[in-house]
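The structure is given below, and queries will be raised subsequently.
Read from first to last, the chains carry the letters A, B, C, D, E and F; within each, the first residue is number 1.
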Amino acid sequence: MPRERNVHTFIGCDSTYEESQLVIYGAPFDSTTSFRPGTRFASAAMRNESFGIETFSPYQELDLEDFAVFDAGDLELPFGSPARALEQLEQEAESILSDGKIPLMIGGEHLVTLAPVRAAAKRYKDLCIIHFDAHADLRENYLGEELSHASVIRRCHDILGDGRIFQFGIRSGERAEFAFAASHTTMNRFNLNGLDEAIRVIGDRPVYFTLDLDVLDPSEFPGTGTPEAGGVRFTELLDAIIRVSRTNIIGLDINELSPHYDQSGASTALACKLLRETILAVLNNRKKAN
Amino acid sequence: MPRERNVHTFIGCDSTYEESQLVIYGAPFDSTTSFRPGTRFASAAMRNESFGIETFSPYQELDLEDFAVFDAGDLELPFGSPARALEQLEQEAESILSDGKIPLMIGGEHLVTLAPVRAAAKRYKDLCIIHFDAHADLRENYLGEELSHASVIRRCHDILGDGRIFQFGIRSGERAEFAFAASHTTMNRFNLNGLDEAIRVIGDRPVYFTLDLDVLDPSEFPGTGTPEAGGVRFTELLDAIIRVSRTNIIGLDINELSPHYDQSGASTALACKLLRETILAVLNNRKKAN
Amino acid sequence: MPRERNVHTFIGCDSTYEESQLVIYGAPFDSTTSFRPGTRFASAAMRNESFGIETFSPYQELDLEDFAVFDAGDLELPFGSPARALEQLEQEAESILSDGKIPLMIGGEHLVTLAPVRAAAKRYKDLCIIHFDAHADLRENYLGEELSHASVIRRCHDILGDGRIFQFGIRSGERAEFAFAASHTTMNRFNLNGLDEAIRVIGDRPVYFTLDLDVLDPSEFPGTGTPEAGGVRFTELLDAIIRVSRTNIIGLDINELSPHYDQSGASTALACKLLRETILAVLNNRKKAN
Amino acid sequence: MPRERNVHTFIGCDSTYEESQLVIYGAPFDSTTSFRPGTRFASAAMRNESFGIETFSPYQELDLEDFAVFDAGDLELPFGSPARALEQLEQEAESILSDGKIPLMIGGEHLVTLAPVRAAAKRYKDLCIIHFDAHADLRENYLGEELSHASVIRRCHDILGDGRIFQFGIRSGERAEFAFAASHTTMNRFNLNGLDEAIRVIGDRPVYFTLDLDVLDPSEFPGTGTPEAGGVRFTELLDAIIRVSRTNIIGLDINELSPHYDQSGASTALACKLLRETILAVLNNRKKAN
Amino acid sequence: MPRERNVHTFIGCDSTYEESQLVIYGAPFDSTTSFRPGTRFASAAMRNESFGIETFSPYQELDLEDFAVFDAGDLELPFGSPARALEQLEQEAESILSDGKIPLMIGGEHLVTLAPVRAAAKRYKDLCIIHFDAHADLRENYLGEELSHASVIRRCHDILGDGRIFQFGIRSGERAEFAFAASHTTMNRFNLNGLDEAIRVIGDRPVYFTLDLDVLDPSEFPGTGTPEAGGVRFTELLDAIIRVSRTNIIGLDINELSPHYDQSGASTALACKLLRETILAVLNNRKKAN
Amino acid sequence: MPRERNVHTFIGCDSTYEESQLVIYGAPFDSTTSFRPGTRFASAAMRNESFGIETFSPYQELDLEDFAVFDAGDLELPFGSPARALEQLEQEAESILSDGKIPLMIGGEHLVTLAPVRAAAKRYKDLCIIHFDAHADLRENYLGEELSHASVIRRCHDILGDGRIFQFGIRSGERAEFAFAASHTTMNRFNLNGLDEAIRVIGDRPVYFTLDLDVLDPSEFPGTGTPEAGGVRFTELLDAIIRVSRTNIIGLDINELSPHYDQSGASTALACKLLRETILAVLNNRKKAN
């Protein structure tokens, strides 16, 4: 009997690449984090801790065992070099997109989102972004650096232009960022209100969904670098994700878990549960669409 | 003047055994915990930390100093031997029940609940269970073991049969567990709705109340081994416990606090406060009944 | 070019003393804390962590950069000597008040509030206190000591007498404290209801506002010595503070953050955000008044 | 069968007061600690964790089960009032001394040592002190306070005068403290050299032995408020304690464990082991003397 | 280009089973741990953290990249059932031994050692054990249980009998365990002296080497459940392991790392470094032997 | 009386820039750290915690109060951009050097050392480097990046060439790094032996001294990103630093403290103590030279 090596995946995501509709990969990178680093540890922590949850969702009555997902592991990224790290991540997203699969990236700091957005924007001319976050991430630069977690949505706007970015839950930023949003993005402060209207406006255009987990209230998700009081609740977020999943999602990410800042493990467990629910919602919707 | 030795009880629970109506004992056991152990430390931590709360409840306008409770300390249980640990715990419950007192066990992992349920079921033919939990605990076995925290309510069902178990707050389990519940228990998912109806159905039958503290939202109670997002709030739970206390409670437990996973101490403090409120509600109700 | 030394202030509070309307100072003292000490670290932690938030408030559309605030640093207080520490703190408050500025003290344990209240009561005959807290702090003494965190509002009452103290959010205390409150203070248990009525009753009398951060739910604010479940939410508190700020506030404090008890940093971050919002609300209101 | 209440002692120290030669009591007090508080938690932590060690010493081939020790628990001391706390502690020491037993106090901050020294000095005219510590503790006062952890040996010198205090391991202090020591105490810097000479000089005079655990290297004992690199090793200290135990010890203490600062538990475990060895050495020596 | 799944091994141990001379497997089991559990997390933590060290040893001038090692991952063991867990572990050891390879097990609590010893004793009639540990592990039983971490070497003695077990570093146990050792094992207390003599006595008999990492001083290795002061140093241990590796080692284990108790990660890093050195020493010696 | 703002310096380092001989500045940068980030927090933590030590050294009988040192605070460096961060740091070093003062940089990751070395090499043609570290830091690049903490001494060698770099305590690296050292640097593995010979060889050439604190044993200094067992002791290191201080030091740094990884605070306290001793030794030596 041949012996297999020790495979390390998110729970229930052990299909082959070929048979999978969705591919998970980790982006353990946090070099531009200006306050408290640590999101590099998120993807490994989520794989480890995912075995504390079940594959079955009592919310959606769906089970990961009924869907095919491949977990590609983490890319080995050069700390200290945002430009090169983004290149590698863009290549990974392109490769998955070109195989007709959905890339799901686990960050890492939010800057990593720029990579799959670049890849997706090349392929989809009318790409929209749905962005859940506590922070606007619309700075022109941060201490002179244009490739910064605090500027990532601004960089996405450089590519996509006005009317294509929909932001929710924002409750922190410089005055200038809120001014920028007033003219160039659709921003909903503090909560997820207005999501249904955004979904209606987006229609069947392709959607990249980026979920900065610090949109959650720090009481439910303290495990992040810059916790901002006054966030949304897990049940609100879960409900919103299920609604977002009914759009034409072609790529997505979940980022800014910094597991060491919540030694109870509750933040990592919540991230795992959200990841399960997100995968189930997206794939179930795609199944219904086909 | 004779010197007494250093007595260690939960705050305000320093009556003698003879004069007490309710007896607390600890079950520091977590050998079958499959994910993250540590509930063995709960009862000692709760005694220590109980001195950070008061004996008076501004919610119920009642004071522990007006009731007689004996704290028997912890049993010394053999780690690694669930069967023998359960025997010792069953004996303790039987002894207290046979003296006409209410046993209140502080777990430990949830498996320990099987012991007082066995003792109570022998004595009360029509025993019902009210079960608050995030997890269904209805597996037939766990990696082949029938005596597991993940199977404890299934084992209770082996004894009591259909129509006697009322579950609330459940939001995690295998698909098969939810299927089992559909036929064999009364299960309310996610929240405590339906409790009043359950209380009505139970009527004046004897009730064993088992409170797995992870029914709470991890934001309020991160100090547990398998935190499940989307739980109930302290104030909801407190209100529900007071309603449960109006049934004919003959035994109860509070379990799954794992104090080291919440270094803020807030989880232990919350457990202490709930224990105070539970004792006050149960004894006040019994007083009114007499 | 002359070199300046390393100046350490709360974010955006770097004006000179002379030009400022409001003066921050720290009271790193916790010698009478009976349960878990650590509030001595609050003011330094808040200065450090304040650089994780922005100077701009999207809630009030105001920016700290538009107001003049001086951060005087911490007083060096003698641990173990409550009487002498209070003298030093009273002197600091008097000095600021006599310059026509608003003193804003960062505690420390709640006992420190007695110092600015003494200073303010000398200057303002009809001084009122608005008190947000989980604990009544109305004990006559604590183990014989009259200068205790658990007695601080009682000591304020010694000075001000009946009808001048308005308490909100109280959910812990001895039976005797609640009895005292019934006759001598205006107390609202559990939440912030009744605040508008209190503000109406107070009218334009001078107000000292003391905010014990443990009025918050421990899920949002675990970083405190005696966390009490069942507290108010950040958004409720923020809303209430803005309403309080419309009274004639002549001094205020924010206390009982114990930063080490929340290793996620979320409690400290929340305290920083509340401090920003409080300063903005108070100074914006004063600006409108002038 | 009558039920006993839950007794909480250091392992193997469960004899009655009457039959015991040595009495343990805790002094959970740290109000004057100027840097990082937490020694108040030491005595309770040591009782809890003592069950992780054995009663038998393979170093001395002695077993706690062969000696009679009473553990009186902790005194309830008024935080914030050093003078009153010291009075209570002095009374406890006097009571034990007057019954012909050896008081062994578990601190707490080092200031508590002043209480049993006062009691012992009244009873023994030629009392000497053997003092192991990283810090000189010889300040005239600390921020004006004479009753401070940093002044405790200076206060002892006020009582005993020159030539009676023998200090070892000292590696931190103001210049003035080292100057004071040069004239008034016998101080050995950095290590425990010179102990045998001190023991010879002391002869059969009565000895109070005060062990500040921070004399240990922080690598072995990080659980203390002001860790000072360059300390002594456990095995050196154990050896020295056994030699000290051959003097005429009439009282002793072990202080400055701050258990929360070492989350590994190794510091508390080491303190427990040292306490076991110290008790065995002192009582074995007394047995041989009789 | 086919995509491979995410493989998770100890650094440099990524050969196939067939080509390997040594096989690593994890035994994540700690159900009988009586004091503080957590060794179940050791093998996963060591794989994760091994990427913080290098494959090259400057001590031995050897590199893991020059040797073939297979990492089989962890067995899924039933918590709460020591007997069944041991069966599974014995089967794993037997399978590896029967393929002519060296099994290297990562515990887990020390009880797991019994499994490979059973397997090895069947195959090698004159098997000897070299045992490094702080604790004697020679109890007849623990609270009635014969399968306990505190009894594991006693159980090994049941199989092997007198004169075959060589114990080093022992500094904790009941009086009865030291008495048993005096008659039945070769025990060296406190340090590793006598190792060369033991190696000489053992000669070319087959050796099972079991390394309980708590033999190390807690200053260097705090990450374990029952830290015992007064242990050996890393450099002494490394030197001893290299000497042990020159015997005829047919199986070995490294156990009792409890990674969560040392949040600095130093204990896990040390365990990784020792594992690297041990593998290099054992395989280099075997290479020279062939 | 004018009010000064809250100044934040290392203890006893509060002179003006003009009067100072030595200037401290912080380099809070860790973007290229490949394993565990956090050294960005070192300089602030050291300033905070320095008030737990004294200004007086009983080792050297010197007091910081007798020397003039300016603490310039931290530079605000762009995370994610090593090249630009190094430029800013080089400018700072140049400015201090050109004023005839000694720059003392507090890292940060070790890469920051390259900046003052560049500045010093421009000014001093025959510059030598004394390097204490656990890691060789001699990689040609790390994942393609030449500006990496793992390559910093290699980059220094690019500037200085052979025979100018003296490395001590090295116990980790790739095989290729040790091979490089054999030809191009003077490397002493594992300990500080050979230091006196190196000092002799260096003679009166100008010396840049770079101290990576992980040269210490992790038992004494766990607060670092990649702890390597088998390091040197505090007392050995202190002794060596005093000897190094007798060379012609023209600049120096102390780096790789990651304070959050040692929650006891002992690592930060040790770093503070070493910094005090280093300043005293360097300035005392310069005083004697003049």
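What we mean here is this: a residue touches a chain if its C-beta (ideal position, glycine included) is under 8 Å from a C-beta of that chain, and two chains touch if they have at least 3 such contacts.
Since the structure is predicted, the reported quantities are computational estimates derived from the model, not experimental observations.
Relative to chain E, the chain whose mean Cα position lies farthest away is C.
Centres computed as Cα averages put chain A at a distance of 39 Å from chain C. For the pair chain A and chain D, the distance between C-alpha centroids works out to 56 Å. Contacts with at least two other chains are made by residues 217, 219-220, 262-263 of chain B.
Chain-to-chain contact here is organised irregularly, matching neither a line nor a ring nor a star, and falling short of all pairs touching. Within the complex formed with chain F, the chain C residues making contact are 2-3, 5-9, 14, 16-18, 44, 47-48, 70-74, 263.
Residues 51-54, 56, 58-59, 63, 217, 219-220, 234-235, 238, 262-266, 269-270, 273-274 of chain C are the ones that touch chain A when the two sit in their complex. Against chain D, the residues of chain C that register as touching in their complex are 30-34, 37-38, 40, 76-82, 84, 111, 142-145, 147-148.
Chain A meets chain C in the complex at residues 35-36, 170-175, 178, 189-190, 217-220, 222-223, 225-230, 261-263.
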